[in-house]
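The data blocks that follow each hold one structure.
The two complexes that follow have subunit A in common; it is paired with subunit B in the first and with subunit C in the second.
Now for the complex of A and B:
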C-alpha cells in the first residue's frame, strides 16, 4: 500500500505555538432522565497530544463523553476544560475541537470541495481563497481528483477521508472521532487504523477516539479508558490495561485473561495464598498482602498457562494449577486456543504456542492440568462478584 | 425470486390481475376522456369518435353559454397558490417544532390529524354556518381558503414528519461543529437537504386545493372555483366541452408535477455544477 493518508511534510502541519489540547473532565455527570445516568462522576485527564481511546460496550457512556467534549451535550454536573480553560457554555464551533461523526455526516447537497470548504465559508472567507485552501487539504488526503463529486458518489473509505479533511481544515487542537472505523470493511479498517495513528503522530494534536473494539484501542491508544455503565473502570496505557487489568471487568472485557477468585488463607511465613471454592490453591505475589479471610480475584494471562495431561484418579492438584477437561481447541495461526471446562461459570482458556502444542497435543474430552508460575498472577483491585463479565469479547483478530 | 423450475406461484397471477385492474381504473377513464375531448361537432358524448377536431377546446376559451370557465380558473389558480404557500410555510415550521417533544405535542398532533377524518361536506356546512353566525360573507379567499387549509395542512405536516424523521441530526451537529450558527445551519444545511420534501409539500398543497370539491361546495360563496364550475356544467351542459376541460386540467396538473420534479433535478444539477 503505497498510498498514505498524508503526503505533506511535517513542517506544513502546524505553527509551533499551538494551543494546548489537554482535556480535563472533573466530576462530570450526565443524566438524560431523572434517576438514571449516562455517565456518573467521571474524572479524567487526557494529556495534550495524546491518542486516547474510550473503550466499552455500547451504552457504557463513551459516546456521551465525546459529545460533551464536543459541546453537543451539556453535562448535568461537573466541569470540562480544554487547554486549561473551561469550555462549558461555548458552542461546538468555538471549542477548538473538531468531530468526525460515525456516519461521517457529509452534507449530501454539497460537493466534496464545498464540504471541506464549509468551515471557511462560515468564517466569511472569500470563495476563491476557501476553494484554494480546501483543495490543498484535499490534496493532503489524496482526494483532490474527486473534489467535484457528491458524497453519495464516494466509497466508504473516501467519505471518511473527506470527513477527516473537513475536520482538519478547522485547525483543531482536539480531534474527536466517534467509532470512525466501524463502517469500513476489515481490510480498510486495518489500513485506516494505521493511517489515523500516523496522522496523530504527525499533527501532534489530541485525538479522542470512541470504539467498542479492543484490538483497535490497543493498537492505537497512548491512553486507553475502559468504561462500563457510565463509569471509568481503568484508564492507563494499552500495555498496562492488557497486562495488568485493574478489575475483573477489564480483565474479561479486554480478553486474554482468566479470572480466578478465592479466599486469602491464614499463613505465617510463606507467600500469601488463595483457596478457591473448588479447593484449588493459588499463590499470590508477596506484596501487597491482602488480609487473611478476604475474598480476592486474580487474573492470569491465557498465554502464561501451560497444559499437561492429568490423571484425575487419586492425583491431587498442585498449587498454581487447576484441572479440567478440554472443551474445544481452535487453531489461531501462531497459537492454539484451548478452552477448558473447569466447573466454573466462565471457561478457562489457555493460549498454547504451536510448538508447545505440537510437543503435547490435546483434544476435546482430554483431562488436563492447567498451571502457571506464581509471578504471573496479577491481583485485581476488587473481587469478581460474577456480574462483571457479561460483555465478554474475544480479542482474536 | 427466480424459482428453479421457472414457474411462478399463483399469487403472482392474482396480484398481477389486481394491478391490471388498478391501472385500468386509473388510466382508462383518463385516456377515454382524452380521446373524446377531440370529438367532432357532430359527435356524441361517448364513443365512437367522429371527425376529430379542436372545437371543444376552442369552446373553453370562447364560452358560448357553457359557464364561466376562465373566471373559475382565475379564482382556482390563485386560491391553490395561496393554499400552497401557506401549507408550505406552516407545515415546514410546524414539522420543525414537532422534532422536539414538547408538552402536549401528541395531543396537538392528533388534533391536527383529526381533520383528515372529518367528512368534507359536513365541514363545509359547518364553516358556512359559522360564517353566517359571525355575519361574514362566504368567499373563495376567506371561508374556502380556511376549508382548504384544514385539508392540506395535515397532509403537509405528515409529509414533513417523514422528511424530517429521516434527517440525521448529525448534519446539524456537524454544521455547528464547523462554526455555523443556528440560522446558517438552517439555511446552508437543513433547508437544502429537505428541499425535495418541501417541494412535495407544496405540490400536495396545490393539487389538493386545486381540485377540492366537498370542502369548497358551500364555502366558496357566489363565485365558483373550477371543480364547482365543472360540477355546475355537468348538471346543465351535456357536450364534449367537459372532456376538453378535463383534458386541459389533467394536463395542467401533470405539467405542475413535471415542473416540481424538474425543479428538484435542476437544483441538484446546479449544485453539482456550481464550482
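Now for the complex of A and C:
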C-alpha cells in the first residue's frame, strides 16, 4: 500500500519548480479573550521539506498554531511567513498550504471523486478536467474503485486516504495535518503512520503534524516541537528530545526518563555533586558547572539504570545510586519495566534488558539499588518544581 | 412465552392506531364519501354514488381561477419565504457566535406567534391602510402625493401577510439542518479557496436541502389550505381554493365542498410527493 501511495504522488504532487515550504513564526501570539493566551510569543522555524510534529496535551495551543499557519486563525501579534514571504492577510486558499482536518471533514453529500475534485473546482478548473485529475489521483492511491461511493460508505482508513488525496491534489508546498491518526484504530494507525512518513519523504514538501501522542511524534518527525500552555518547551530532533530533554516537563511528557532534583554541592577537587532532600548523592557532568547551592534537576534515562540487590542494613548508598523497594515489574517483550518506590513523589523506573533481568531477577517487595554512570546524567535547564506534567503515555508501545 | 409476546406489539401500537383512525382516517373517509352524495337545492343531501359534484365543480370557471390564484400565491410565497428563511437561518447558525444569543434571536422570531393569527392580520390594517402608518409617512415626507392604494386589499398585502406568517416555518427546519453541518466542512471550503458564495452554493445549500424541503412542505400546505388570510388581507377581492369551499358550505352544498376538498388534497399530496422525490427526507433525517 505504501508503495502505491508513493508512486501515486511521485508524478502527481511535484510541480516542476516547487516553491519553498519553509515556515517561520516570529513572536506569534494568539489571544481569544483579553488576558488569556492560546499561544504566547512563539518563535519557530520549520525548514523546507521538514516533517514537523507539534506535540503536547490538549489545550496547549498546538492546533491554534496549525490553524494560524493555514490561515483559519489570525495571530493577535507576530509574523508568519512561508517560503520567505509573509502570509498574514492571505486567505487559506492562496497560501500554498493544504490542511487535513481531524475528522477528515469529507463532504457527506459529494462522492469520493467530487470530494477530491473539490479544490480544483474552487480554483475554477473545468468539470471534465478536474474529474480527470481527481480520477488520476484516486487511481494512484488505489481508491479509484470507490470513486462513486459516498464518504459514509467508507472505512476510517479509506476516508483518511480520500482526505489526503483531496488536500494533495493542488500540489501544496505545506501539508498541515490536525491529529490525522487519532480517529483510526491501533492497527491502521501504525500503518498510516508509516505511509505518512514515506509520503512526506517522497513528496519532499513540509509536513506539520499535530499530535498528542509521543510515539507518533518520535516515529515521524524530523523536528519535534513539545508545547505546554501556549509555549514551546523544546524544539529539536526526536532523538534530542528523547535523549536530552530540555526541561523537567519534556522529560516527564516524553517518558523514558527519571527526573531527580537536588542542591549543588561544590567540592574543591571533585566533580560537582547534587544532594537530594532524601540524602542521595548524584554526580553531575564536569561542565557546565552550576553554582553551588543552586537547585538543579537532572534526567536519567530509564534504560541507563542498572539494578542490584541491596542490603539496607549497614550498607550505605554510594553516589549515583538510589535505593528503593520494587513496586511492580512489567514484562515489555525486550525489557522489563521495574517500578521502584524510593520515597519520592514520582516513582523511579528502570527499564532492565531481558538478559540483565534474567541474570538478577527482582520481584515486588525486594529492596534494590538503582545505579547509573555519571556520564548518563543529563542536566535540565530548570529545576523540577514538582508541578510539571506527568507523562501522558509511556513510550512503550 | 412466545404466545404471550406475539400480541404485545399489537397492544403497543393500538393507542396510536385508534387515534389515527378516529382523527385522520375516519374524517377523510367521510369527506370522500360525502363528495359522492347527491345535492339538491331544497332537499339537501341524499346518499348516492354520483360524480355530479365533481363535474359541477370542475366545469365551473371560478374553480379554475381560484386554483390558479392559489397556486400562484403558493409559488410566490414559497420563493420569498425560502429566500428570507434561508438567510435568517444562515445568519443564526453561522454568524452568531454565541449559542445563547442565537437561541435568543430564535425566540424573538417566534414572538409574533404568541398571539392569534386574527389579531396579527387585523394589526396590519392600520399599518398598510390608506390612512395607515406607511401612507401617512410617505405622503407627509413628500415621497408620494397620494396614498398608495395597493398596500392593502391587494395581492401585495396578501403575499406580505403570508410571508410574515409562514417564514418561521421555513426558518425552523432550515436552521435545524444547518446547525448539523460540521463547521470543518466550511473550513475545508475556505482552505480550497472557495468564496463565501461558492461555499454556500456547494456546501451549505446542498446540506440544508432536507430543511428546505420540510419548510417548503409546511409553506405549501399552509398557503394552499388558507382561507382566512386571503379573505382579510385582500378584502374579499382575491380568493383561494378554500374560498370556494367556504361558499359551498354556506349554502349547505356539502358534496361540492367535499369534492373540492378531495381535489385539493390530491394536489397537495402530488406537490408533497414531488418534494419528497427531490429530497429523500427520511434518509436525510436519520443521517
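In this text, the second predicted complex is superposed on the first by the 382 of 397 C-alpha atoms of A that agree within 3 Å, B and C clash if a C-alpha of one lies under 4 Å from a C-alpha of the other, contacts with A are read in each partner's own complex, and residues count from 1 in each chain.
Operating definition for what follows: a contact is a pair of C-beta atoms (placed from the backbone, for glycine too) under 8 Å apart; a residue touches a chain by one contact, two chains touch by 3 or more.
Values in this document were obtained by computation on a predicted structure and should not be read as measured data.
J.: In the superposition on subunit A, see if there is space for subunit B and subunit C together, and answer fit or clash.
T.: In the arrangement built by aligning on subunit A, the partners subunit C and subunit B clash.
J.: Mind working out whether A:25 is in touch with subunit B, subunit C, both or neither, as first, second, both or neither?
T.: It touches nothing on subunit B or subunit C.
J.: Where does A:72 make contact in the superposed view: on subunit B (first), on subunit C (second), on both, or on neither?
T.: both
J.: Once the two structures are fitted together, what part of subunit A is touched by subunit B and by subunit C alike?
T.: Of subunit A, residues 70-72, 91-94, 97-99, 101-103, 105, 107-109, 118-119, 121-123, 166-167, 170 contact subunit B in one complex and subunit C in the other.
J.: Quick check on the complex: what are the subunit C residues that touch subunit A?
T.: Those in contact with subunit A are residues 182, 184-185, 187-194, 198, 202-203, 206-207, 287.
J.: Can you check the complex and tell me which residues of subunit A touch subunit B?
T.: Going through subunit A, the ones touching subunit B are 70-72, 91-94, 97-99, 101-103, 105, 107-111, 113, 118-119, 121-123, 148, 150, 166-167, 170.
J.: Flag every residue of subunit A that touches subunit C in the complex, lowest number first.
T.: My answer: residues 70-72, 91-94, 97-99, 101-103, 105, 107-109, 118-119, 121-123, 152, 166-167, 170.
J.: If you look only at subunit B, which of its residues touch subunit A in the complex?
T.: Touching subunit A: residues 168, 170-171, 173-181, 184, 188-189, 192-193, 195, 271-272, 275 of subunit B.
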